[in-house]
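What follows is a pair of complexes built around chain A, which joins chain B in one and chain C in the other.
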Partner chain A sequence: MAEQHPVGFQWVVEAKERGATVIHVDPRYTRTSAAADVHVPLRGGTDIAFLGGVINYILENGRHFTDYVRHYTNARVIIKPEFQDVAELDGVFSGWDREEGVYEVSSWGYAGTSGELAAGKSKQTGDVSGDIAHGAHGMKLEHGEPPEEDWDLEHPNCVFQILKRHFAPYTPEVVEQVCGVPREKLIQVAETLCRNSGRERTSAVCYAVGWTQHTHGVQNIRAASIIQLLLGNIGRPGGGIMALRGHANIQGSTDIPTLYDILPGYIPMPHPDSGDSFDEFVELNGPDTGAWGSLKSYATSLLKAWWGEAANPETDMGFDYLPRIDGDHSHYPMMLRMIDGETKGFIVIGQNPVVGSANSGLQRKALANLDWLVVRDTNEIETAAFWYDSPEIESGQTRPEEIGTEVFFLPAAAHTEKDGTFTNTQRLLQWHFKAVEPPEDCRSDLWFTHKLGQRVRAKLSSSQDPKDRPLLDLTWDYPTQGPQDEPDAEAIMQEISGRHADGSFVSKYQELKDDGSTTCGSWIHAGIYAEGINQSARKKPGGEQSWIAPEWGWAWPGNRHILYNRASADPEGRPWSERKRYVWWDEQEEEWTSLGDEPDFEPEKAPGYEPPEGVKGMDAIKGTSPFILHPDGLGWLYAPQGLADGPLPSHYEPHESPFPNLFYGERSNPTRQTYEREGNDYNPSAGEEGAGVFPFVLATYRLTEHHTAGGMSRSVPFLAELQPEMFCEVGSELAAERGLEHGGWATIATTRAVIEARVLVTDRIRPLRVGDPPRVMHQVGIPYHWGRKGLVTGDAGNELLPIVLDRNVHISEYKAATCDIQPGRRPRGPGLQALLDDYRRRAGVRR
Partner chain B sequence: MSERRRLLPPVLRQLQGDPLGLGRAARSHRSETLRPRTDTADRVVQSVCPYCAVGCGQRVYVKDEKVVQIEGDPDSPISRGRLCPKGAASEAYVNSPIREYRVKYRRPYATGWEDLELDQAMDMIADRLIDTRAKTWEQNDADGRPLRRTLGMAVLGGATLDSEENYLMKKFFSAAGAVSIENQARI
Partner chain C sequence: MKLQTHAWPATYERDGEAQPRMGFFTDTSLCIGCKACEVACKEWNRVPDSPKGFTGKSYDNTVDLGANTWRHVAFVEQHKALGVAEAESLVQSASLEQLIDSTGLGTYQDGDGMRWLMASDVCKHCTDAACLEVCPTGALFRTEFGTVVVQEDICNGCGYCVPACPFGVLDKREEDGRVWKCTLCYDRLKDDREPACAQACPTKSIQFGELGDLRDRAEERLAALSDAGAENAQLYLHGDQDGIGGAGAFFLLLDEPEVYGLPPDPVDTTRDLGSTWGAVGVAMAGLGAAIAAAVIGGRR
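Let's turn to the complex of A and B:
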């Protein structure tokens, strides 16, 4: 956090000065470790084992926050008797279909509910992703109440008891063998967390998105959620799980997604299985209870925002105009489709996949097989230059004359040259004002999209083809301004925020209607333009308001800064303690009130409210259930739906690993998406022939002085000077073992590629003792910022990595692969391929 | 500072009570007439740092319609005026020596870039989009269920785009029937 989010880290430093204990769990020793009380180095890819050890410690010692757990989580819910855990089935849950490689999930459900998933599915196939698509919000419950519960938490099939059994094997001794973390250190961390949680205190977990970059990435975060729910640290001040996102608007580009499987506000993209009609879509994707019970209002308002008058019964409210997904159309399958010749045209906006995505070689191969490519960026990044400057061209494997891709490079406007919002890592939208006009040909992406849309619509204006109707009927008349005719970003924000039939602005999502009388581009952002004011542009100085700072920008939804904050009060609505007072029930006024945040609950729903029979939506959520996005209003220790790889996190080895799984016979996550194809062969793992060729664990990471794939930092002279060269970090023992010299060169190899880097010999990466019996294990760390363009250049770390994905979210495993490392520079010319071939031959990779 | 002392070599000035050489010893006629760019700017505009997602406040200083300096915004309750090395260097990102200002075009199998007018580039891209879309259109799946989409074109957007830009992209490309609309949020 100190390296990648230095200014956010000031708050950690300040908390420490006030007495907080800071624990840093990371294979590397970084500036964060230097500022922490405790640094826990562990083997990359073993987070669930470590967190599972903490969960086991909490449960074994009865350290959970009992009142919180009983009332606010699903610990009391009884699961179907046919559910079988990984311990019984040696590493898979019940419902595993080995032939298809997916789970049939009906046995995971709450006892007394039907087994049907959202979108009419019964299997967690990989063709959709995200919790909604898998049905996390789709579970049907009668009036919001799980059918069978045991408030004493003793029923053998209640979640609490299942949890206890599931994590019982995660003892300090086994965790030590798996993670390389001494047992005393695990206990120290667990005990510190327990002591610092409860009525009087809260603990926070901060993770960077490296946690997501595993074949079990979602379950890493689930494991942290279980700890935080057991300790009562969600929805309370000083608690929570903070995703430290790595880009200015990575949160915003998920909320209002340029992602294939969701529409704005996490509404699922329609799938043929989710029915031909809008009503069927709503029925299959939306639950009856909780905030998602109003899915029809959200989706109708979106369709009205996009297609206006044309969103009418004749087009099924515009639902007929939406394209359908029916497979995994995410980033990596999309690149592979280019190699296979099925995708011909590609528009890349402010991203550099040739450096930033796993398996750079395959990324370039995909680009080389396109008919046309558009790259928009502020400078000529590797993705724009792939056709004349690449490792393949350097080594003579290909030439520009052999690459048929037509390339358009369009210079982009910088953030200072346009109005708009970034959503920061805490869901806070902040407006940035245009300072100057974009120079020469530089334009905003708003301009590009708007103008492209105008041209396409004009060219098709006389078309009678029904497939062109959605384009021609699209609401696309935005006011423009300035010498470049830039669209008015505020007009777009107004559409996102929403309007009533009379044109007045919507002030909150609860006002949205399912009859077509409201428009709203993203229901979670409803009200960001309430009262005709750009709420995200509010910049009342922090010094002039409370620490919550509700008048600086605007947090979705409804300017709620801490989500689920009803949990900061006890079931009766009183603060858990004076010290941790945040949101509470005001007996006199009969409403929820707070220190200054918006209550994330219905303002007048009393703590004692019990839903009457037959009610739906928010009315079905009890006065004691804070997690209003779930149909039962509870925090899910156990996820009965929504995950492709199991209701509970279990330790699996990374796809490439020098070690067997000490917990189960199933070595790696059985649901992981693998792509056995030319250019993406995998290194052999423990127990397989040739595993010894790649004995070290490899992880990629970032540096303070650079930004992701380098487009925004290798172009900056100061930053290029601060970190001028690609390097690798190795411990001194590994350096001695392989003859690596500090400041010299190393060649790093996998079955995909061979790269070179300067050597940094350091004690910041130490060997760990891992396995049963324990043996010394070395890790190699590489930053991934460099490429062949920019002010400073170097081999790209992602050349080395394979494409292997977490099935829940289709993110690749960048944080734990295997490799070999040797002293000296890599060969130039044909020798490069010869060296790679030699590695592949020795590893037994045949293709 | 007296004229006599100012004429001494800097190292001697430093020895006369300014051991770090950051104060009086560093002064000269020139330094006394220097003013920070933040003083001479025509206007200051509030912005947000474009790098990580902490969302630090920035103040952008503009002179003669050019960004001349970017500083931390002390009003921001998030950053309280601070910026990290990247945020502090972001003036050099905006004015990078390798920034591109003109459209570049590469024909299939060509060995170099050519110039192209922006207007013509946009027109050509619109033609490519319409053509690819028409050739790769899928109206129904094998069971006759509606798909009305194309997998023939794809869009990859970075996570430094504004939310409004993401919104327009999702809206337009979905209306065009594209479904492979992806983002750095996936990695």
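Let's turn to the complex of A and C:
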């Protein structure tokens, strides 16, 4: 966190000064470790084993927060008798279809429910949002009640008992063998968390993309969620799980998504099979109960915001205008389709895939097979220059004349040159004002998108083709201002915030209607322009308001700073303790009140409220159920739906691993997306022929001094000089073993690529003892910021990585591959390919 | 504790321009090594970049203070027990009570302590500033805030100040021959703003303020750290008893100054000039007497 989010880390430093214990779990000793009380190095890719060890410690020793767990989580819910756990099936859950590589999930469901997914399907392919969203947003439950429960948590098939059995094998001894973490250290961490949780205290978990970049990334975070729910650390001040994103506005670009499979506010993108009509789409994609019970209001308001008058019964409220998503169109499959000639054009905005994405060589191969490529950036990044400057051109494998892609480079405005918002990890939107006009031809992304829309619409204006109606009927009438005709960003925020039929601003999402009388570009942001005020631009200093700082920026939804904060009070609505008072039920006023936050609950719903038969939406959420986005209002220790790879996190080895799975026969996540194709061969893993060729664990990562793929930092002299060359980090033991010289050069190889880096020998990277019987294992650390453009250059670390994805979110495994490392520089010219071929031959990779 | 130098603030009091003495307290125990101070300094003061390439000195690639580096973050990797806070922490007490039998596997991490010290260095703005004393042009001067600044339009590049500085801060810029160093953001101070590095520091490792207040704050901080078990924590250039009469920019270090590449006992290089000249005078007088005696004797 100190390494990537130094500004946010000030709060950790402050917490530490106030007595907080800071624990850092990371294979490397980083700037965060330096500021922590305890650093726990572990083998890359074994987070679930470590977190599972913590969960087991909590459950074995009865250290969970009993009242919280019983009332607020689904621990008491009984699961179908046909559910089988990984222990019974040697590493897979019940419903595994090995042929198709997907789970049939109906056996995972709550006892007494159908367990069906969207469109009556029962297989969780994870390719299409509808499949996931339906599960994530929850199943249908009569009046929000799980059919079978055991409040004593003793029924053998209740979630609590399943959880206990599931994590029982994660003993300190096994965790030590899998992770390389001494058992004492695991117990220290677990005990510290337990002592710092409960009525009087809370603990927070912060994670960064390092947890997501695995073939089981989502389950890493699920494991942390289980710990936090067991310890009562969700919905309470000082608790929570903070997702630290890759840059300033990744949260924002997920909320109003640049993702292919969701619409603004996490509304699923429609699937061709998921219903012919809008009503059917709503029926299939949202549960009846909880906050998602109003999906129709959210979606109708979105369609009205986009298509205005044209969103009418004739177009099924605009639903007919929405594109349908028929498969996995995430980044890597998209790039591979370019290689296959199926995708012809590509617009790249604020991204540098030939440095930032896994398997850079394959990324370039994809670009080289396009008809056209548009790159918008502040600098000519590697992705824009790939056609004349690349490792393949350097080595003579290809020549610019052989690349037919027409490349357009359009200069972009920097964030200081445009208005807009950043959304941080706490869902807090903060407005930033344009400080200067962008120079010369540089324009904002907003300007580009607006103008592109205008021009496309002008070209189509005389078209009678029905397929052009969605574009032509869009409400595309944003006012412009300034010397560059810049669209007014506030006008767009007003559209996002929403309006009533009379033009007045919506003040909260609960005001949205399903009859077309409201517009709202993103339901979770409803009210960000309440009362005609840009709420995100409020900058009242922290010293002039409560510590919750409700008047600094605006947090979605409804300026609620802590989600599910009903959980900060006990079931009767009283604070769990004076020390942790936050939101509570005011008996006199008969409403929820708080220290200064907005209660994330219906304001007048009494703690004793029990939903009557047949009710829907929020009326079906009990007065004691804080997790209002779930159909049962409960925190899910066990996820009956929504995940492609199981209802509980379970340890799997990384796709490339020098070790077998000590828990069961299934070595790696069975649902992971692999792409066995030219240019994406995988290193052999433990037990496979040739595994010894790549004996070390490899991770690529970032440093404070640079920004992601370097487009914004390698061109800035003051940043470039701070980390001026590509380097690798190795421990002194590995350096001695391989003859690597501090300050010299190393060649690092996988079956995909061979690169070179300067060598930093450091005790911050330590060998671990791993396995049964234990042996010494080395890790190689590779910052990935460099490329061939900018003031400082070097081979791109991600050249080395394979494309292998988490099925849920299609993120590649950057944090745990295998490699070899040798002293000296890599060959130039044809020798480079010869060396790679030699590695592949020795590893037994034949293609 | 004395704040004034031999001429300041007296020289400014005539015209009522004297301000409280301003300075930096750099608390390295809070530094996270982000280098925002280095970048903010260069941005604000238009200091050129000074690329030195990959140095292999941990994460430090700027190496030292100089004409083109007015803030410099040192990174020191140490292999020793943490000490700080751990003894009192929950973790420690947990481990004592809850340890299971540690028979079986031994691991490399057992008892393995790693420490990574980070510290942002800067011109010390000495009370007894040799650079200022030796400057023949008056380019170096003491501002109304008690800070030491080089005036870029007066400096003629003679370079006398360069060897005079006991910290090696003063340095000539190759391109223009003049000497450049931290001004403690004199322009910002005149505008009632804090220096760029202090404003950019996310963790309050660099604290700017009235020197008297900073010294009090530093003493409290040291006491707190020492109570928490930080054995080698110490204030550096905090008092006025050292060889430079105390500094306007002082530090809280977690180890000895040498560990960070700082001189343990810096001395104002002009301190002994007076007595040196005295000795020269005596010697000259003696020599003169001898010559006179010789001449007079010769006439005999």
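Throughout what follows, the second predicted complex is superposed on the first by the 838 of 847 C-alpha atoms of A that agree within 3 Å, B and C clash if a C-alpha of one lies under 4 Å from a C-alpha of the other, contacts with A are read in each partner's own complex, and residues count from 1 in each chain.
Everything below uses one rule, namely that contacts are C-beta pairs under 8 Å (C-beta built on N, C-alpha and C of every residue); 3 or more make two chains touch, one makes a residue touch a chain.
Computed from a prediction, not measured in an experiment: that's the story for all the values here.
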Chain A as common anchor, with chain B and chain C clashing or fitting: clash
Partner chain in contact with A:253 - chain B first, chain C second, else both or neither: first
First (chain B), second (chain C), both or neither touched by A:39: second
Chain B versus chain C as contact partner of A:334, first or second or both or neither: first
Contacts of A:408 with chain B and chain C, given as first, second, both or neither: first
Touching partner for A:151 - first (chain B), second (chain C), both, neither: neither
Which superposed partner A:471 touches (first chain B, second chain C, both, neither): first
Touched partner set for A:764, first chain B, second chain C, both or neither: second
Which partner reaches more residues of chain A (counting touched residues only), chain B or chain C: B
Which of chain B and chain C A:191 touches, first, second, both or neither: second
Listed stretches 135-143, 207-215, 225-233 or 279-287 of chain C, narrowed to the one that overlaps chain B: 135-143
Those residues of chain A which chain B touches in one complex and chain C touches in the other: 6-7, 10, 704-705, 717-719, 722, 791
List of chain A residues in touch with chain C within their complex: 2, 6-7, 9-10, 13, 21, 23, 29, 31, 33-35, 37-39, 41, 172-173, 176-177, 180-185, 187-189, 191-192, 195-196, 703-705, 717-725, 727, 742-743, 758-760, 762-764, 766-769, 774, 776, 791-792
Chain A partner contacts - residues on chain C that touch it in the complex: 30, 32-36, 38-39, 42-43, 48-56, 58-59, 61-62, 77, 79, 82, 85-86, 89-91, 94-95, 97-100, 102, 104-110, 112, 114-118, 202-204
List of chain B residues in touch with chain A within their complex: 43, 45-58, 60, 62, 65-67, 70, 74-80, 82-87, 89-90, 92-94, 96-113, 116, 118, 121-130, 132, 135-137, 139, 141, 143, 145-172, 174-187
